[in-house]
Amino acid sequence: MIYFTSDYCEGCHEAILRQLIATNMEQTSGYGTDSHCANAARLIRQACCAPDADVHFLVGGTQTNLTVIDAALRPHQAAVCANTGHIHVHETGAVEATGHKILALPSEDGKITAAQVRALVKAHREDEAMEHTAQPKLVYISNPTELGTIYSKQELTALSNACRELGLFLFLDGARLGYGLMCRENDLTMADLAALCDAFYIGGTKVGALFGEALVISNPLLKEDFRYLIKQHGGMLAKGRLLGIQFETLFDNNLYFQISKHALAMADRLREAIAQAGFSFYAESPTNQLFPILPDSLLAELSKTYAYTYQCRVDEHSSAIRLCTSWATREEHIDAFCADLLRLSSR
Amino acid sequence: MIYFTSDYCEGCHEAILRQLIATNMEQTSGYGTDSHCANAARLIRQACCAPDADVHFLVGGTQTNLTVIDAALRPHQAAVCANTGHIHVHETGAVEATGHKILALPSEDGKITAAQVRALVKAHREDEAMEHTAQPKLVYISNPTELGTIYSKQELTALSNACRELGLFLFLDGARLGYGLMCRENDLTMADLAALCDAFYIGGTKVGALFGEALVISNPLLKEDFRYLIKQHGGMLAKGRLLGIQFETLFDNNLYFQISKHALAMADRLREAIAQAGFSFYAESPTNQLFPILPDSLLAELSKTYAYTYQCRVDEHSSAIRLCTSWATREEHIDAFCADLLRLSSR
Amino acid sequence: MIYFTSDYCEGCHEAILRQLIATNMEQTSGYGTDSHCANAARLIRQACCAPDADVHFLVGGTQTNLTVIDAALRPHQAAVCANTGHIHVHETGAVEATGHKILALPSEDGKITAAQVRALVKAHREDEAMEHTAQPKLVYISNPTELGTIYSKQELTALSNACRELGLFLFLDGARLGYGLMCRENDLTMADLAALCDAFYIGGTKVGALFGEALVISNPLLKEDFRYLIKQHGGMLAKGRLLGIQFETLFDNNLYFQISKHALAMADRLREAIAQAGFSFYAESPTNQLFPILPDSLLAELSKTYAYTYQCRVDEHSSAIRLCTSWATREEHIDAFCADLLRLSSR
Amino acid sequence: MIYFTSDYCEGCHEAILRQLIATNMEQTSGYGTDSHCANAARLIRQACCAPDADVHFLVGGTQTNLTVIDAALRPHQAAVCANTGHIHVHETGAVEATGHKILALPSEDGKITAAQVRALVKAHREDEAMEHTAQPKLVYISNPTELGTIYSKQELTALSNACRELGLFLFLDGARLGYGLMCRENDLTMADLAALCDAFYIGGTKVGALFGEALVISNPLLKEDFRYLIKQHGGMLAKGRLLGIQFETLFDNNLYFQISKHALAMADRLREAIAQAGFSFYAESPTNQLFPILPDSLLAELSKTYAYTYQCRVDEHSSAIRLCTSWATREEHIDAFCADLLRLSSR
């Protein structure tokens, strides 16, 4: 079986593995207070042109999302996101479990707009009984989104401006950040993210690491006592140096970005083959997640060799699926899939 | 100013006031353990033909909703309701503050159907990654709904059957229950509610009491340790006898139902006058909340004398408002409003 | 049976009852936005010499405690109190249910000292792994305490100074405030409380009202969005005017203080009779709660006529009990109890 | 600097590292559904003689504690533990953040007894106002405890019997389990733990793994929907196979127990040297954590070369510290420390 189900099917990039081996018997202090974490944080601040940012390393995305949101909000405050947002549909109510409502905005492409946020906040503030409704206070976006789409610099700037004018936090989930930043259509930089968001994170789990997300906090209001929050929510890794070592490696010589490019090149080839075979897409993703709409009969054939994720039914005879490439995707697997797709679809 | 803003503008029905005066210097034990509460519970069990039901008295609706839902659910479980549901849009995230997600179903008329619940649960259970999403476990409905509509016996039976087959709890918010049960279109009884729901409550605040909701729990699974939950959520009134005395009075000689009828008669007259004046309704409510769509210019005139609740904008020139009648509505106020409406709209 | 079990055995003071009757059919807006609440708040601000304080009315004490503490703390922060504190031992984990740990300090008399608070905070801040422990951020005291004792002005000033220097909030639970402020040993005023505490409340439930606590917030940091918190925790009474009317009455012509005096006079007589009969006290309470240590055989006799609260076993043959007087205690009941006590104990 | 601060100063045992390297480019499904996790679970069930147990792999101890306790308790229920319990003093209120109170029992040696649990539950159930206090429902113990002590089979059996008779869950935190099970004084087996506890976990982080705790659930009541709880609390590792691979290795050929022995042998040598140098211990630990009481002047010298954890001040001139050995402790470090200790203390 060849897996296109996700971008976390393999272990880690060999450069990381080498560093884990090399440092294995070093003695360090625990909980992220070691020199590897300090060095990784320094490299990330540099890459973000954000000398004053706080950088924390957490194990996974859900953990990071719930910790940041719980740290940012008072009890009556809500997070705003797209109705496709990972925190809304794929984290078992983790944000609600910390006591906060999620206000979901309609979205076709996984993104939300500054205008939507402005309208929501305006409606809340004009409501005479506003205290009877949860108060929007933080905007959560993911980039790339759950549908593989990305925000342009203009869109993100507009969202950032709206949030600042209205006194809301802007938090960006970058679980697949490398695959967004390195795609052709992107015009955002890490420095833009640090400048426009109050906090964002750089996904390691899906981009070359065994695990780990590097959280960058720009807004001083979100920095205070953040380590308490990590610990309280069970996100403080005892051997924190493992996170430091991994991000040190990823941000040494731009490894993070180079390996992201590979995934995008592999996705490009898949995308072309799918289009060439005459199929369309459920979402127009320029990144490493593709959502082709394929006939169920074809899927039945493909699923004998290839693992993918079922997205949703589109009509009586066809479904959208998700195919993921990653830093680890092998060219021969792409070759095989493309060949099989063309062969099977031309019958 | 004449208030049609809500059904809680006045104090309480005079029969209740008399009983509060008569019992004022009685000494009783606290926290609902007194004989008035016991007697009120007995009367309610009788009215529900539910000799085994547990009856608890709480001060208000939000308190009751959050306490029941928190008592019923494990941490990963969610409440299902209409997107107009009071718990979803008008309780400041009170359910989420207890840690639980709300799964909102689309609704035009404030109601949800058994088919919607079945489809939601089916989709959840067929999801291979079901543990990544909150698990639907309790269905919350209100009757009358937030739009004044009511469930038929057939609809409620279908919902109840769906919930039982699927292992979900069915919880009915009856904050305005009297106004639902006594309206012409209704074919449900208190006994039906006790038989079809796992828990429901009989609203006192909006139907003649100073405050208070009588919660009826039929399902033994929801009964266990319920008083701990009331206390923990701050809902256990020290002088609990005040709740007992009020519900004793309301359920003595059917006072609860008689005073509900008055509100409905007043609403009927309003409804007729609005129709006669040529206006339509945002929702087809047979109960004591009416949602006429009126021209903004007319509203500007009416608002000089009458207080109402703004519902939403309908088009450029007109808005939906909410008018409430209650057990306390005076005929002369209805007369005045109807006359003014006809006069102003005929200009 | 004559009840000395608590100070909430009866309904309300007749002056309040009269006002409830007089205002019963007034139409007002809901949720505490009416003119009675505004007037009561004005009277309370006046009585506190605190023109800038925010005043909110809540139904009960547990509700008030959990709402204030949840409003004040970030998720990793803890409330500090005596190990006898009501929030620690008698509210079913209500504070923990909002997510916050309680750090309990040892106390013999129900009070805690500035020195204890300073030592606790110092130990926390000197801990290298401080983020592995909950951060003390709010000090909760009750006055009178759960053992009937009271804070002197000097003690409260010392606590207040400690809290301000250390950046902690000071919150005073005044469920029985009148009985503290009017007792002979007291040297605190309402103005002192407003000046020394960040928030405190004036108990109505136990001092003449049917129910209700008036929360006074002095610290602007605690004021923001407080009504959202009340609503979210189910503490916002629909007919909020009932709270306004009651506190209006209590703070008109010092009724609150006058009726408190009565309870204290009744307690004085009980205290003298108990001492005269040769018994000692479990706690030295100058207020309306008395904790005599009595032989079990005597208690067996007394309990035929008088209801009291069992406190704890003291030795093999005797137990401490609690006797409460209140605004409603009748002189003839005190006479009877004292006579019976002397008679039974002299046998 | 030589670290005796903890048992998580190094990376992982070389056998684990080899397996991580060997499996690095395997493609597997995520979230613990892979064959390595299945195999590791099988080996653990075998080692526990518990064919019906559920085994889950989580990243760290705090995460595991809060997830199990939240899964086990209804909102009004509390966890019972020693006042030294990790959940009570060293997890930033993580359990309270899930809404549950901790009831701490006094303990000198880090352990609690069946008698203490029975007395606590009896007092709760005999309290007429029991619903005003949190209900004890789960007993949390750690073995070895935070003071390095261990439970005997007799003690654990008594606790287990008490819990079962009273209807409480017994949950054992085995973050350092290997160091307990392999010490000379121990008479418990893995099979005993599975039989006597409702759930317990086998610590990997401190015993040879990079990270990871293997949770064994024996009681069917705790099994239901447990994966939802892991996900909701952010504890579900995307590349779950990393946990499977590590525990597969640890439970292949008893590696877990062999490497535990090494730590104990190293601790034995430290213990002897400390005693030989004439010093006593703050706690009598037979396991890998030692708590010597040493003069401050000696500590000042030692701290130039050796890192340890400060425990507490014992008297004006001396303090208790904690020294940890582990699977990774090097003999030459022990040699050096013992020599320096003897040399410095004989001056």
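Letters are used for the chains, namely A, B, C and D, taken in the order the chains are written, and counting of residues starts over at 1 for each.
We adopt the following convention: a residue touches a chain if its C-beta (ideal position, glycine included) is under 8 Å from a C-beta of that chain, and two chains touch if they have at least 3 such contacts.
Just so it is clear, the model here is predicted, and its values are computed rather than measured.
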> Which chain has its C-alpha centroid at the greatest distance from the C-alpha centroid of chain D?
Replying inline: B
>> Looking only at C-beta pairs that count as contacts, which pair of chains has more of them, A-C or B-C?
In response: B-C
> How many angstrom lie between the CA centroids of chain A and chain C, rounded to a whole number?
Replying inline: 50
>> I'd like to verify one number: the distance from the centre of chain B to the centre of chain C, where each centre is the average of its C-alpha atoms, in whole angstrom.
In response: 34
> Residue numbers in chain B touching 2 or more other chains?
Replying inline: 75-76, 91-93, 97-99, 129, 131-132, 134, 228, 231-232, 236
>> Give the list of chain C residues in touch with chain A in this complex.
In response: 31, 70-71, 74-76, 98-99, 129-132, 135, 225, 227-232, 236
>> For the complex, give me every residue of chain D touching chain A.
In response: 1-3, 5-6, 8-12, 14, 17, 20-21, 23-30, 59-67, 91-94, 97-98, 205-206, 210-211, 228, 231-239, 242, 307, 328
> Which chain D residues qualify as touching chain C in the complex?
Replying inline: 75-76, 78, 89-93, 96-102, 128-129, 131-134, 310
